[in-house]
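Notes follow once the structure below has been shown.
Order of writing sets the chain letters: A, B, C and D. Residues in each chain are counted from 1.
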Amino acid sequence: MNVLYFAWLRAKIGSASEDLTLPEAVVSVGDLIGWLKERSPGHAAAFADISCVRAAINQEFVDLDTIIPPGAEVAFFPPVTGG
Amino acid sequence: MNVLYFAWLRAKIGSASEDLTLPEAVVSVGDLIGWLKERSPGHAAAFADISCVRAAINQEFVDLDTIIPPGAEVAFFPPVTGG
Amino acid sequence: MAVRVQAERFDTGVEIEALVAGNFAIGGVTSFTGYVRDFSTESGVVAITLEHYPGMTERMLETIEAEARQRWDLEAALIIHRYGRMTVGEPIVLIVTASSHRQAAFESAEFLMDWLKTKAPFWKCEETKDGSEHWVDARESDDAAAARWGR
Amino acid sequence: MAVRVQAERFDTGVEIEALVAGNFAIGGVTSFTGYVRDFSTESGVVAITLEHYPGMTERMLETIEAEARQRWDLEAALIIHRYGRMTVGEPIVLIVTASSHRQAAFESAEFLMDWLKTKAPFWKCEETKDGSEHWVDARESDDAAAARWGR
């Protein structure tokens, strides 16, 4: 599954995307965040304040409870700041 | 004194401006209209419906009661229709 | 002050470029260009002629431009209004307003257009396919738009 | 549909011209161009970099452009939004809306800009004179502007 990071989440994690195989226990976006936080100190820093993190699945905004469908593109980013 | 006509007032009167010497009894814009109406059938037609006529003195909108100052430029035109 | 009353066509892009050039305080520019649209199927109108009151027009446009600058924090403003005969597709009027903030640019442009449509001393004569001409009456919807600004 | 997300600069005048050309139903065209303004005296910012979500940005812009066309009777509409690094004076974003009536052109342009400022997936990073960079936080005043449209 492809996970994308934008703006300061990308900067903190040090990567714009990761191709990941999720464990079965990871079902929702919130689960995914909990699992990603364990991957590195950078991930932990990026997701430290969840109120500043927004998510999209297959390019649609979603909230933390949303179930991740198989083969989804999941993206994490800060609140948008416009042009 | 210079009197200017615009749009259909000009068309009805057949002239864009007239250099006129007013009789002493003509004091206000309303007086002037009454006097102009006597000048020709075109003038009479132009001023037939006074509710469709607007006036300016020295390029400022005025109403019928306004006293005409000496040497003024008086203009008559329909309500403006913009660009 | 940037107010022009002219018979010649203008180019919106060139005018915006010239107004903005070198002013780095500008964050947003709003333009409005009004065109002669094709009324011919509805009414047979193929051209319009705008008559104006030379001198009074420029004075009034300068006054309203100054008022817009007073109401909004503008970096630059431009009003161009044409007179004379214009055919379908030709530009008639241009408003450009520039500000550090977009809201000021939008609102002032709309304010100036509403004013131009209702208060500027222009009279419109329409010319139909068969060559006849008639003077257009003032429109109430434009007065209502202008009334929003308390004028 | 006319939506472009690009790194390259654009020319407001050229874009307006291309959008309007040949459509004689257009009575009014509103444009809004947003520029990088010079914040350097206040904050030392000399350039910004806009990051976006390729694919999602285009989809969202197409959706909002379609919504504008539904809300207002538009003859044409264009959204161009740049990404990447831009310095003071460069254009960032362009909205052009064309309608037979000026009110529709103005309102839809303002609607689209308010939306772009608050909902489009762009993230702004500011670069100061000393070479340091920081990501900009979302602004509440822009949210308030967008809320006017009930979104």
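The rule we apply is simple: a contact is a pair of C-beta atoms (placed from the backbone, for glycine too) under 8 Å apart; a residue touches a chain by one contact, two chains touch by 3 or more.
Just so it is clear, the structure is predicted and the values come from calculations on it, not from any experiment.
Novice: Trace the shortest sequence of touching chains from chain A to chain C and report its length in steps.
Specialist: 2
Novice: Within the chain touch network, how many edges lie on the shortest path between chain B and chain D?
Specialist: Contact-graph shortest path, chain B to chain D, evaluates to 2.
Novice: Centre-to-centre on C-alpha atoms, which chain is most distant from chain D?
Specialist: Comparing chain centres, B lies farthest from chain D.
Novice: How big is the gap, in whole Å, between where the Cα atoms of chain B centre and where those of chain C centre?
Specialist: Chain centres of chain B and chain C, defined by C-alpha means, are spaced 27 Å apart.
Novice: So how far apart, in whole Å, are chain A and chain B when each is placed at the average of its C-alpha atoms?
Specialist: Measuring from centre to centre gives 75 Å for this pair.
Novice: Averaged over CA atoms, how far is the centre of chain C from the centre of chain D? Could you give it in whole Å?
Specialist: Centre separation, chain C to chain D: 23 Å.
Novice: If I count partner chains per residue in chain C, which residues reach a count of at least 2?
Specialist: 34, 117
Novice: Counting only residues that touch at least 2 other chains, which ones in chain A make the list?
Specialist: Within chain A, no residue contacts more than one other chain.
Novice: According to the definition of touch, which chains form touching pairs?
Specialist: Final set of chain pairs in contact is A-D, B-C, C-D.
Novice: Once bound in the complex, which stretches of chain B touch chain C?
Specialist: Chain B residues touching chain C: 4, 6-8, 10-11, 56, 59, 75, 77-83.
Novice: Spell out the residues on chain C that touch chain B in their complex, using ranges where they run on.
Specialist: On the chain C side, the touching residues are 34, 50-53, 55-56, 59, 81-82, 92-93, 116-125, 135-139, 142.
Novice: Tell me, which parts of chain C touch chain D in their complex?
Specialist: Touching chain D: residues 11-14, 16-17, 20, 24-35, 37-38, 88-89, 100, 102-103, 105-106, 109-110, 113, 117, 145 of chain C.
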